[in-house]
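Next come two complexes built around chain A: one with chain B, the other with chain C.
Right after this comes the complex of A and B.
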């Protein structure tokens, strides 16, 4: 490296700084603005009478108003969820029919025809193939609807308005207003939400945003919420209201998640992450009519398929593990049954059961496979027939049939409610944990972000179970 | 006879755009480095995607681009490496994103800098443009979001603007892939010295300050005869920017 003699330049600059006084910065800025005004007056003509900016202002007056801001936000959330829930029903059952009911037996027949040993075909077809097929059937349709809808809102320019509406709440919680944006991203995928926290400059507020992102109900958890709400909560009311009741339950859980996000942001900023709230400027960009088909195409290709691929990569080994624990025996009991029995007592305290807890352990890599794992394990323990046998993941076509199995497994409305709560409040999936580590470079904060939600989940489900049982 | 007269078509950027190859992230052995700068939410990432064929996340909110994205394209048998910088309103403060953008333009020495501006908010965007033009000579103004400007009944005389700024001005609507061939053609012409830029320098400065700046920049040029942005460095020295003082010592930007 050269080390030039620039002392005389520095000396001169010091003298000159003295000479021109300390309004240099302002003079320069003013000079630039004056130049910009000159340039614009030479080249830009504007017909102010017909400006479209006024329409933007009108829309903003409504969507960011004190009265309408929040109702409109919840309404948009409800519409997006409703379209996702209703819209993914049909393609999901079609995919399940093709991949699970039609193609799976074909594979089994083929395997026995070529003389594959039972354990190999079980491991490959009943374990790995079914796990992957289930994830595709359950995840692809809701994601292919949710992500494009979300992207359309994003392109239209609605997200900064959400941030604007929530800003004062975040400030009260001691967090950064831009956390509204990362929280919204988290509804799609928590790992994506964690990466998006890079827009927050202050390390303290960024950590809060990272740790609490898990409370945004991510795409892998929507299906669990929807299935359980449909079976148990929808069935608890007259059938004409069942759709509305289950939709309300799912939205309720999502809003509860937002509440926990604010609450824990506040708790963190009052305890381990104390500090000042930083101010920031967030420009409300103009509304832009989204390019509909292009958005649909790119969000399916870029987001949906990438996230789906990740799920498949994690589901395959998980399927193998499920099959193995169900088919390896210690004495008279399979490993799975043994673990379930030992977890049952703790599960009862939480208003859950051993099956659910084991399913969550197996499903750490990907939340998407919780429900099929639960079903398979329930069949294994209760010994009722209906599926394909021990260690085989399957989906029963109607929610009713799924309900029959779960009720045979001793499920009540309490189990369902607590499963929905626990699905909201537990450790992030392994991808998110890894992303948190990459972003924070700190084992300590990664551990906090992993353990904190699950402790909260234990506390909440425990309290709900105790109160429920009193009444 | 090899001095064949070119048909009209062959001089048109639309025709030549067929020679564009989007290289994605493959940026080995490039001939030129091109930087992409501009205010937040003016469509830098959309322009970036249109040029490289990559799929940087885009969306209508300021601050999406959180890392420096790189990609490449090939045009007329020359390889260009394109760097998407974080959007900033200015280069005069010391926030992290402004430093990333400024340091790349200053130390990365891009052959060409594309400055993306929002056509319907030109005056406010020019603040950054004028600062960049103090740092680098070879730049092109990408007058983006022309569709929105049209909807807002804003008309821009691009020739007058190009003359005043001393750099080429290309109107685009990157979301609709409009104006991209012309932009590529212009980048290539600047990189190959077919277009000479004579960038605008900030004029409305009080006399005493202007005198001080001139004095200081002459002194800097004595030490570094080929420096293109002595005036801007003089600005920074008068501001007491320690990073620039250190860079001046090591001669990093020469």
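Right after this comes the complex of A and C.
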């Protein structure tokens, strides 16, 4: 009987809800907001002279003006990137000297002194230690410079203005203006760029920003681009232009990345992501003097060290795998040689080779170790002199010497160009993949973000290789 | 790789691309056609026939069997079978080729219409699909949801009375609000009214209405109505439509009105240095987007002015409650203001 009553009441309430109509909820919400505004205006007094500072308005007029808005933006981005690349050179080489050239042999000597078997010291020191050390040496300095600079700009309040200026370009690609910021952050580190997408509160645009962040050339990939461009592109033109040519090539790749970012943002928003909810709003907060020390502290702790730690965690097993595949033998050939031979055909189709593909497979955890791995594997399979032994990654001090090894491995200008393209267009590193999963909590989008760029990479390098060979 | 030749490789690649395109291109891709055919069963056909009969009877038209086959895009024998089945289930009665709905049939048709309109409402409120896709998606979904699921959906959406186009949604017990209004094309000049319904078929006309940025719920004033053109004023802007397209807008005529419609304009009409008071949000602002605007303070009575013009024209930053918030033009056109 009672139950019956409740059923009846529920049914009645539904009917009544329907009778009231659709405007009810809106009017209620509007009423609440209006009442709140009334209460505020009646009870809060404020000093009107200080509202919206004059200086703010002046800065805003300049940084969003037709004439100055874009030049200022590009100048600041160029300065930040320049400071990062130039400024990290010295600490990076210092770290490399200490960790790789000094400490690594010391460790090896120590290991042999205490009678550690060769395979254990190889596995631990040549494999794991070397990969971790490499990642730290390459990754730490640029991040420690880039993130604080970026965070200072953010803290000052300039970055939202960049999003404001650029939004209409991003709107055409179905994305949010704030993606300009997460993209720039990606130039430092894709994992950090993915975390930075939290500033985009619209679900669809945030997913777009996450999936396309990988098209920003991160600092793990800049050195690869620079080395290869110097060796091959620089050498392809008269020597007086070589510096300019290789620089143009690297910047060209970065700009191509931006193009792919726009293109795939557009494609994603029109296809797989079209059903996701999309909203837009962009608050332009007042400027304020950055809290310098606090910013430095938090950006180093929150961004740099967390990302670095994740990278180290992933690099360690990669180092182990690299050492193992080069030192475990099946028949007369090492596992590495077997894999390289079986990948050579596919690699050739893409204008690459088996060594590069294997290097990209084992170096998924960290793009920083791609070149050292390629060098080690090339020496391993070609049997030329040089290198430090099977499974021991190395790098050479002069670009020329690196070029000699690569050319001995059968590299041509096409290989170099396609390697640069493939370095831009391949799956994100495992740190980034893990971060994407943490941010989206979705296997589906993590898979899309992982597989989509590599398919694009296969297609682009394949097309370049075929067209190159025809002419 | 003995036969390798870059030209062959390119050719094979091209063939694969063409194949993928033919299989998966939107709507006409073979994969979708096969999938649709697979999904088209007797239930779909029966339900589509019932819907067609219901709408025709409401318009006072009587449908014959041959008309059915020409109006619906199914195979003739499939329709024939469905009609026989519907007769045996007492959904329809046939007299000299003329088909009539029974009470059972009407109730069934109403259930399908309820699901269709609820789903359109859902797409509008909770997803990001483009307006142009709502109808097609609801056409699919109406055959998939059962009554129970439809009731759950309705509860989740707050028992809505109208779908986003202004069509009334039948309630659980079959009650339906009445849509008052006449086609825009039939109104004499200087008539004042409110857009209460925008028809989404045929798609060509609907696309034009969307391109003109005409909003449901807008107050309008007819300025010109002749054989070639219907012009009306709404929210600070003038809209011109062909009479054929104007037929698809339903207007509820307002005899006496207290709002001076000349002063009510869209936020996009605000100029630099001007200030205005917000009157409200248009019905076209929906779901998450609408709530976000309300949260940011775009509510009735709030003062608003322009803070910054963008170097690329869009978005514009507005000063509201002493905060600078940038909005895109499509959002700003959904905010109605009265200039001070």
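Criterion: the second predicted complex is superposed on the first by the 318 of 471 C-alpha atoms of A that agree within 3 Å, B and C clash if a C-alpha of one lies under 4 Å from a C-alpha of the other, contacts with A are read in each partner's own complex, and residues count from 1 in each chain.
Keep in mind that, in the parts below, a residue touches a chain if its C-beta (ideal position, glycine included) is under 8 Å from a C-beta of that chain, and two chains touch if they have at least 3 such contacts.
Fair warning: this is a prediction, and the values are worked out from it, not measured in the lab.
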{"item": "Touched partner set for A:25, first chain B, second chain C, both or neither", "value": "both"}
{"item": "Partner chain in contact with A:181 - chain B first, chain C second, else both or neither", "value": "first"}
{"item": "Touched partner set for A:33, first chain B, second chain C, both or neither", "value": "both"}
{"item": "Partner chain(s) touched by A:335 [first = chain B, second = chain C, both, neither]", "value": "neither"}
{"item": "Partner chain in contact with A:159 - chain B first, chain C second, else both or neither", "value": "first"}
{"item": "Partner chain in contact with A:408 - chain B first, chain C second, else both or neither", "value": "neither"}
{"item": "First, second, both or neither for A:288, with chain B first and chain C second", "value": "first"}
{"item": "First, second, both or neither for A:17, with chain B first and chain C second", "value": "both"}
{"item": "Chain B and chain C contact sites that coincide on chain A, given as residue numbers", "value": "17, 25, 29-30, 33-34, 37, 51-52, 201, 282-283, 285"}
{"item": "Chain A-facing residues of chain C, complex", "value": "1, 4, 6-7, 9-10, 13, 126-130, 133, 154-155, 158-162, 171-173, 175, 177, 280-281, 287-289, 292-294, 296-297, 299-302, 307-315, 317, 319, 322-328, 331"}
{"item": "Touch list for chain B against partner chain A, complex", "value": "40-41, 55, 57-64, 66-67, 92, 95-96, 120, 122-124, 126-127, 130-131, 148, 151-158, 160-161, 164-165, 175-176, 200, 202-206, 208-209, 212, 215-216, 219-220, 223, 234-235, 237-240, 245, 248-251"}
{"item": "Chain B-facing residues of chain A, complex", "value": "1-6, 8-10, 12-13, 16-17, 19-20, 24-25, 27-40, 42-47, 50-53, 151, 154-157, 159-160, 178, 181, 195-196, 198-199, 201, 282-283, 285-288, 291, 298, 301-302"}
{"item": "Complex contact set, residues of chain A against chain C", "value": "11, 14-15, 17-18, 21-22, 25-26, 29-30, 33-34, 37, 51-52, 60-61, 64-66, 69-70, 164-169, 171, 177, 201, 203-204, 273-285, 345, 348-349, 462-463, 465-467, 469-470"}
